[in-house]
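So that you can tell them apart, the chains are marked A, B, C and D in the order they are listed, and the count of residues begins at 1 in each.
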Amino acid sequence: MEAKGIYARLEQRFPGKVSGLKDAVADPLLMVDAQAIVEVGRFLRDEPELRFEILSDLTALDFPKEEKLQVVYHLYSYTFRHQVVLKVDLSREAACVSTMEGVWKVANWFEREVFDLFGVVFDGHSDLRRILLPEDWEGYPLRKDYVEQEEYDGISTERAPLVEKLLR
Amino acid sequence: MSAVGEYVRDITETVTTVFEGMAVTFSHLVRRPMTIQYPDRIPKPVQETLPLRYRGILEVDMDICTGCLACERVCPISCITIGIETSKETKQRTFTHFDIDICKCMYCGLCAEACPTGSIRHSQEFEGACYNPAGLVRHFVTEPVPLYKPKKGGETDPTLAEKVETGLKYLDEFASPEKGGGAGTEEG
Amino acid sequence: MDETLRSEGEGLHTEDMTISMGPQHPSTHGVLRFVIKTDGEVMREAIPDVGYLHRSIEKIGEKVTWHGYVPYTDRADYLAAMFANQGFCMAAERLGGVEVTRRGEFCRVIACELNRIASHLIAVGTFAQDIGAVTPFIHALRERETVNDLMEEICGARLTYNYIRIGGVGYDITPQTCDRITQFLDHFEPIVDEFNRLLSYNKIFIERLAHVAPITKEDAFQYNIVGPNLRACGVKWDIRRDIPYSVYPELEFDIPVGTGEKGTLGDCYDRYIVRILEMQESCKIVRQCLKMLPKGPAIAKVARKFKPPAGEIYVRVEAPRGDMGFYVVSDGSEYPYRVRIRTGSFTAMSLIDKLSRGLMVADLIALIASLDVDAPEIDR
Amino acid sequence: MQQLLNQLIQEGYFHGAPMELVYAGFMLLAAFVVLSFFVAPLAGITSWLERRVWARIQSRVGPNRVGPQGILQWLADGIKNLLKEDIIPTAADRRLFALAPYVVFAGFFATFVVIPFGSQLIVADLNIGILYLLAITSLVVVGILMAGWSSNNKWSLLGGMRSAAQIVSYEIPAGLSLLTIVFAAGTMSMQGIITAQGWAPWNWFLFYNPFTFVAFFLYFTAALAEGNRTPFDIPEAESELVAGYVTEYSGMRFLFFFFAEWGNLYVIGAIATTLFLGGWQIPPVTDHPILAGVLQFIVFFLKAYLWVFVAMWVRGTLPRVRVDQLMSLCWKYMVPLAFICLLGTAAWMVIWPQGNRLASFFMFLIGLGILGLFLKRVSFQIRHARPVLYLKPYI
């Protein structure tokens, strides 16, 4: 189904929760209200005409200028071979969204990764721990304003440059 | 009955497949080994058998380096540092240093590709072990060297001409602009 | 496994044993760690702990230029660097509207399929090693070494290729190299048969793998299992055919799927044999490409300061470990705004906890090996 | 050996000394000589040969730097291990930990007592030789369990447990298949069994009847399992249990385990040779006792070493079985088959008490046929998939 059709179905099912369809770009994307994202996901998965069996990817984008974090869901359907991108806007200070774990199990690890690297908290997640970084790491590295801690466990994170850099 | 059949089949399958596997391994006993006795028991050094495209440790031919800084700019890991000084009296520009940190270098080949004369290129050398990371910094300029200026209509000095030719030959290995492009043909 | 294996004696006090498997363990490919709870030999659970090889490749993507990021993608999965190159370059090309030259596309496919052979050789070789057979591993590495030699001729590097560039390929494939590749394929196809006779049909090997940790179709969808692991579940899905990219639509090749011939559908043996069959398909593809290789430039004209217009794209590539997704966001500047690499091993790893319950310790090894997880790809 | 001692005593060399001490001293001397001049180099050279055989199977060269063709590699490794730090983990049970390698080693070394290297060359020709063998090899289990338990490492413990279960189970098929030969020979003495056979292959117990033929392979498989060799190396499965019961060992203690393992290989071969392959029997070519003794030793050694080679080759070929499969293989397949062989041989003995020469000869032909088929397959493999492609010109 084309992106417009999907949008129309979602509009009909969740009035006011879905907006901002962009279908002129390579991957058609639409914005979803943060409260409704799990419901939208479940609907997209179970609706016989849509059948998005797959959560291909779940990641986030940081926009410090616009003061928002976006969580991005890439859905794909093996049955109908169509895809859609869902985006959820969150505030940077209190980034929080419900977990998608109940719909697609793979979201468990994806969400842990997003929590680890962006600091988005997923409500209702069964095991929200850091996954790639150590438990006691400070900060969320993939945020644009991230400053690396100077030392970790007493080990400096800097390596002295062997070649003198010229200031130019 | 089928259970007995399965039992017998299990045994025969095991015996025959093991037999076959043993035949394969035995056949390898009488074949030539594939490995070489690096580094000493080989007829010629490995370096000499590597293709021209091989991306070994970077080397720079300072005699034909134009000082365009393309390599320094393109290096994604900034392991190349070039210093150029213009003398006040003669207006001649000379290199003060040209250092490459081999520790950092990831042998991607982008610098060699960007070089207009082929003076910076990957050699076939790959043995870089030393006791100190500082020993892996290659200093190509020990005393100030003047920049090379390409002459129109070909190089006249025979020693330099040879070097220019080597550089160009190296550049030919890339999918080069003459044949239709390459990163950096259009200045953006 | 069997209920009888569990020690549930009346009044007998038993305790589960917690073992830390890894990060230094011979059969955790790369550096992985599992916290396993076992009851004797039978696993209660195996919780993966990843991140030991995290190199922040995604963060680096925000700091280097579009051209400069290509060598970094090599490091995402160093056993199949070509596919990461391919994925990122495709994303950049689609964002920037660059048309890849036709010869460039064919060169890409040749290099990718050779790389797929090399990667699958590692997969089946280490698989054999984990099951306890030492020889097939070295035989597989021997063949991989020849592929590496070919790669060295094609692009000058053996592991981190940086061959595919935005707009085409960095080096053209010469006619001599084409001959070499044909020679290699002539030699390689019987070797695969020999490998099968040595290992794949071995009764002990089959017994070790059949019926072990089958993945159902539902689980595969839920956990987004991709690539050969998905095909082993009987799902005929291959990005090369189903979401075509490059010149794959012009090529003829089969998509091997698991049939459950020796055990249950989607068990370890299916995952193993799918890889063996895929190597043979790759040989076919390379042969076709060598025949069809057109004349012309290998790389298109691309600006040195490549600045694709603002936008975002999600590109899928069929890598040896499955659907490799590149989610690239551009804000119109010289640097990518965000590069996200979604890899097959990561999702496969998340399934291990569920599959491992009730397996034996030796089966866990087989399971990890059969999923072909690759630590650098999980952690990026 | 005993004859030599008796002769020395008769000639009055030990006049006045207590006879028990003389005997004990002589036995110790014999053990020392056997250990340092036969067993140690044998185990060492076996380790070297194993690495070379593996390497060739895997298209590699193998160790070839120390000494001619690397034959002294074992010496270099031994010295290296002697010089290494002997680490005992803090949490380990120190006494058991230190003792375990020697128990394992003793279990293997004591089997040399009854191995007949020649008609005269045997330490003690016990009349219950086979029983002694079966009993003494069980000592190895104790040592391995001790090692596994005392290391206080979970991998070691798992390895030790696996090993105990495995060795105890496989004693049964091994014992049963050896019993078939006891039936056929009518004696348990090693020398007695050898003299019951002839030098010609069709006089060997291997070809005595179809049952002994099968029993031989059963014995060999069970012996591999008892020796913790691939495909039954699950106690030290390096991809599962890191190194099993030897995980925590280092230096010389570590070496002792492998000493025992490689030496054990030879013992397996020697037992198989004695029971099935005619032992030291040589054709009547010479009357000279010393020359005959040397020939007997060479023949015995080569026959035994052939099976050491086969064990290496098997190790280079087969994957490892799983624990439950190991058990089911033992109890479902090998034990019943061994019983069938035992009963079959018994029936055979009833029908043909002196054996059936024709059947033996026929079995010999079948054996040759299998060998021929094998060589045919090998030549097929070589022709069919020849790694001819060497991209680098100098290789």
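In this section, a residue touches a chain if its C-beta (ideal position, glycine included) is under 8 Å from a C-beta of that chain, and two chains touch if they have at least 3 such contacts.
A quick note: this is a predicted structure, and the numbers were derived from the prediction, not measured.
Student: Hop distance check: chain B to chain C, minimum number of steps through touching chains?
Tutor: Minimum number of steps from chain B to chain C: 1.
Student: What's the chain with its C-alpha centre farthest out from chain A?
Tutor: Centre of mass proxy via C-alpha means gives D as farthest from chain A.
Student: How many angstrom between the C-alpha centroids of chain C and chain A?
Tutor: Comparing mean C-alpha positions, chain C is 24 Å from chain A.
Student: Need the CA-centroid distance for the pair chain B / chain D, whole Å please.
Tutor: Once rounded, the distance between the two centres reads 52 Å.
Student: What is the distance in Å between the mean C-alpha positions of chain A and chain B?
Tutor: So the centroids are 39 Å from each other.
Student: Measure off the straight-line distance from the CA centroid of chain A to the CA centroid of chain D, and report it in whole Å.
Tutor: That pair's centroid distance is 62 Å.
Student: What positions in chain B touch 2 or more of the other chains?
Tutor: 10, 18, 20-21, 24-25, 28, 34
Student: What parts of chain C, by residue number, touch at least two of the other chains?
Tutor: 135, 142, 194, 197-199, 202, 204, in rising order.
Student: Send over the residues of chain A in touch with two or more other chains.
Tutor: As it turns out, chain A has no residue touching two or more other chains.
Student: Can you name the residues of chain B that touch chain D in the complex?
Tutor: Touch residues, chain B against chain D: 10-11, 18-37, 42-44, 49.
Student: So in the complex, which bits of chain C are touching chain D?
Tutor: Spelled out, the residues of chain C in touch with chain D are 1-2, 5, 17, 19, 25-27, 40-41, 128-135, 138-139, 142, 146, 149-150, 180, 183-184, 187, 190-191, 193-194, 197-199, 202, 204-205, 207-208, 360-363, 365.
Student: Mind listing the chain B positions that touch chain C in their complex?
Tutor: My answer: residues 10, 13-14, 17-18, 20-21, 24-25, 28, 34, 50-51, 53-55, 74-76, 106-110, 113-114, 122, 173-175, 179-188.
Student: What part of chain C is in contact with chain A in the complex they form?
Tutor: 50-51, 54, 56, 58-59, 62, 94-95, 221-224, 235, 237, 242-243, 311-314, 316, 323, 325, 327, 329, 337-338, 340, 342, 346-347, 349-350, 379-380
Student: Residues of chain C touching chain B in their complex?
Tutor: Where chain C meets chain B, its residues are 64-65, 67-72, 74, 101, 104, 135, 142, 145, 152-157, 160, 162, 165-172, 194, 197-199, 201-204, 296-307.
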